[in-house]
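In the two assemblies presented below, subunit A is common to both, partnered first by subunit B and then by subunit C.
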Partner chain A sequence: MTDKMMIQIENLYRTFHHGSNEVPVLKEINLNICEGECVVLKGVSGSGKTTLLSLIAGLDKPSSGKVLIEGEPISKLPDLFASELRAKKIGMIFQHFNLFEHLSVNENVTIALIPSGLKMKEIHEKVAEALKVANIIHKKETLASRLSGGEKQRTAIARALVADPNIILCDEPTANLDRDNSLLFIDILEKLHRMGKTIVIATHDPLFDSLSFESTIIPMVDGKIV
Partner chain B sequence: MNANAFWHFLTLQLFKERSKHLSIIGISVMILFLLSSVLFISSSLRFSLEETLKVQPDFVVSRIQGGTTVPTPVNWGDELIDIYGVSKVASRVYGRYFFEAKEGSFLIVGVDFLEEQSHENLQTLIDSTDIQAFFSGSQMLVGEGVKAYLDAHFYKDAYNFLTPKGMFEKVNIFKTLPSQTNLIANDMMIMPIDLARKILGYANNEVSDITFSVPNPDEWNMMTDKVSALYYDLHVVNKNDVQKSYENLYNYKGGLFLILFLVVLATFTLILYQRYSMVYSTERRHIGLLRALGWSINDVLKFKFMETLVVVFISYILGVFIAYVYVFILGAPLLKEVFLGGQNLHNTLSFIPIVDFSVLTSIFLLYALPFIAAVLIPVWRVSVTDPKEAML
Partner chain C sequence: MNEALLSNQVIVFLLSEVTLFALLTVAFVVSLKVLLKWDFESFTPFQFSLERQAYLVSTIILFVFLMKFILVVYFIFSIDALSLLLPGAMCGAGVIKANLYGSYLLISKIFILFLLTLWIYVHSYDMRTKNHQWFKQKSWLFSLIFVFIILELSLDFSYFLNINTHMPVSCCSVLFGQLEGANPLPFGLSVNSLLVLFYLLYILALLTIKSEYTILYILTNILFVFIAYYAVVYFFGTYVYQLPTHKCPFCMLQPEYYYVGYLLWGSLFMGTYIGLSDAVSTLWLGKTDLKSKKIVITLLSVFVLLCTAYVTVYYLRNSVLL
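Presenting the complex of A and B:
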């Protein structure tokens, strides 16, 4: 872990509108995450963890406040720059894996590099490397629809890693995995942590309460950090 | 975005979702085939008509009494030739001859050997015919439809006409007219004028109508008025009127198909639009996912545009090619009957391959623009929403 600030969240609010009702999901969130840090956002369903993760990834826009990624306000950037920032600096692992079911493992990982401007040869090299790190290279030609939950998760990890981002965001990464696969996932996380990646995990899984590597647990209740 | 990587993913996506794309291409090809066939047929017919009308006289004068056409006095021709600006006056004798009641009929056209204008018209219709040999006996030139019809009824070389006086008149078949003339000459029998008079019951001083030319097109309107003023029962028609009536007929039939096409296209477009804009569709989720992986709105739009363009081009080329083969090589079976149906003899008209650039462009625009819009508008709407919402 270094002192370099990777993620800065300042006075962040997110409110949803249901008809005339306003439902506040995140309230007054202030958080700083340094390079190489592993942060676990813990809380029950509805506590706002996933929404916070989406705001950090720029997949959603805050009602007020701001999110800075390496000093750049992702929610305020024009689409072209926000997309580029997302492609190069953020790797996202979703709860439901979000793979293209009709594509193979290899192709699913390749997609993340298409907008990067790299040549196909470089893309193939990077994809192979990511598949090795995620320990899924042996299934690279298999269609995503034919993978087990654990294999889908490892494919999603490879896809998140392929652009060599500094930040890895994981949304309920073990919610659809059995215990063995969950432990395997944590092993990979440890590997990423050693590689110096900044990791933010939103989870309610008790497995993350006592990780074998240095991590910060941030509890969330009713849209607030407590 | 690297072009190679982009095309790699595009071809991959097209291949991996081939059943989806093939079904869209299949429907598109059917729609395009129908539209192209109709436009090819109407442009080919228009061309044939224009070519045929080019050699026709500019004006036709006939006599109408009591609202019906009666024989025209041959001496009207002398008065017409005296009008300044009129040239190439020729008289014609023609009429319908019914083979048997309720069966086919032939159009008998009598040509005057002594009239230079009739001579010229005939020569342009049948380049290789020896005119002198033709006029030397009781002979006729027949359209392809007539020839086929007579052959089917065992009149191989000649036909016995029954004159109004109850006498039989045997006329030999001299030659069959070329198939290019089938649009107007399919059921035609061309014979010397005296022979036509005998068969149709005209007196020697009577003709069916008189034709003439007016080389200066600016005088056509004035000439119509001037000629009409000669006799109260004189009826005059110019070539433009004939052309308009034919065009109206073919445009009407083509228009019906165009409406049918637009209805089908609108339905298809609506289905596509709904598929792409469905709130929880796979397409929507895929777009959201691409955005989440760092694809910009431009990247997504460019990708979907190119994907759609490939589908559109393949469909367009296939649809137009199949229509070309169907119309110009196979002769448009079934569809030809819609355009040429109602003729009393079966017409073996073959369509002259006329494909002009404007027709091809019209087909492409009529099809491609609504298709691309039906895909891109919902894709753009999904792209500009937050990826998280799109992925729900």
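Presenting the complex of A and C:
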């Protein structure tokens, strides 16, 4: 871990509107995450973890407040620039994997690099490297629809890593995995942590309570950090 | 009620114009509110709400403006179709002269299309900045355009409500024909000098488009579109119709001439609009776009080559000029 600030969140609020009702989902969130840090956002369903991850990734805009990624206010960036920033600096891993079921493992990971404009030879090298790190290279020609839950999650990890982002965001990454696959996932996270990646995990899985590597647990209740 | 107003084309056209105007009115009200309170540096709930509204408004405006381009083509098509209803009219030329409002309406549409192209330019530059650098310019320009669109809509209704289908109108041969003893060409030009000017201005436009002489380019472009209009009506058009007395900007839009008028006028006006918008953006925002210049060169060249091709092919076939 270094002193370099990767994610800064100041006075962040997010409110949704249902008709005339206002539903505050995030309230007064202040959080600083340094380079190489692993942060676990813990809370029950509906505590605002996923909304917070979406705001960090620039997938959603806050109602007020700042989200800075390496000093850049992603919460204010127009879509085009937010997408560029996300493509370069942020890798995402989702609970439901979000893979293209009709594409192979190799293609699912390759597709993440297509907008980068790299040469195909370079793309193939990066994809192979990411598949190795995620320990799924032996299944590279298999269709995503034929993979087990654990294999799908490892493919999603490879896809998140392939652009070599500094930040990895994981939203309930083990919710659809059995215990063995969850432990395997945590092993890969440890590898990423050693590589110096900044990791933010939103989860309610107790396996993340006592990780074998340095991590910070941040409890969330009703949209607030407690 | 007059028969023109009950024709399918006019009903569709006016309904579309009113619908688009309703959308623009909503966009105008919201955009004024956004414009007056805009502070991009602020992280308050109000500013985030304004940014969401601004995004929605820009999307509505962009959609409406793109539809307006299609609607102008439909307008031309509609007035051409109306020629069947008006005694004496053989194409849109007679229909547009059916009352006083027609010419003003056509000119206002041509001018508004230029403003719309300029707005699309400023919008595209604005969307390519991280801090919406051109948001205020874009919004003020939209406010100006909105005023012109109110004028255009009132002209739309004034024109179509005042078409008298029992009153004979003049056809294009009377409107644009060589009048006895009078020279219809601008600046007292002869047809030969008009053609020399036409090609010279085209070359000058190509030479200045990538140069630093932006004002010269703007003037050249405006003069070129003006001269090109007369060159098509009084010279090139006669080769499209293969009849030396047929001088009309509208008949070439009809199926018997393979709708070539849409390609001719479309390439000329789109080339001019894009060229002028790029040049005005250079002067106003300090931004220029190389891709636009290539598009302008292509469109104007298509226009000039097509005009020239009609004359060349006619000469090769008949060994004589009209």
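Note that in this section the second predicted complex is superposed on the first by the 226 of 226 C-alpha atoms of A that agree within 3 Å, B and C clash if a C-alpha of one lies under 4 Å from a C-alpha of the other, contacts with A are read in each partner's own complex, and residues count from 1 in each chain.
FYI, a residue touches a chain if its C-beta (ideal position, glycine included) is under 8 Å from a C-beta of that chain, and two chains touch if they have at least 3 such contacts.
Please read these numbers as outputs of a predicted model, since none were measured by experiment.
When both complexes are overlaid on subunit A, subunit B and subunit C end up sitting side by side without clashing.
Among subunit B and subunit C, the chain that touches a larger number of residues in subunit A is B.
When the two complexes are overlaid on their common chain A, residue A:159 makes contact with subunit B while staying clear of subunit C.
Of the two partner chains placed around the shared chain by superposition, neither subunit B nor subunit C is touched by A:188.
Measuring from the middle, so to speak, at the Cα centre of subunit A, the directions to subunit B and subunit C differ by 30 degrees in steps of 10. Of the two partner chains placed by the overlay, neither subunit B nor subunit C lies in contact with A:134.
Shared-chain residue A:218: touches no atom of subunit B or subunit C.
Applying the stated contact rule after C-alpha superposition, one finds that A:13 touches subunit C and leaves subunit B untouched.
Within the superposed three-chain model, A:201 lies out of touch with both subunit B and subunit C [touch as defined at top]. When the two structures are aligned on the shared chain, A:63 is found in touch with subunit C, with no touch to subunit B. When the two complexes are overlaid on their common chain A, residue A:80 makes contact with subunit B and with subunit C alike. This overlay, made by fitting chain A, leaves subunit B and subunit C with a least C-alpha separation of 5 Å.
Applying the stated touch rule to the two superposed structures, the overlap between the subunit B and subunit C interfaces on subunit A comprises residues 61, 80. Interface residues of subunit B, counted against subunit A in their complex, comprise 1-2, 4-6, 8-9, 12, 16-17, 285-286, 289-299, 386-389, 391. Subunit A makes touch with subunit B in their complex at residues 54, 57, 59-61, 79-80, 83-84, 86-88, 90, 92, 98, 100, 102-103, 107, 110-120, 123, 159, 163.
Considering their complex, residues 10-11, 13, 15, 61-66, 75-78, 80-81 of subunit A touch subunit C. Across the complex, subunit A is touched by residues 40, 43-45, 48, 51-52, 127-132 of subunit C.
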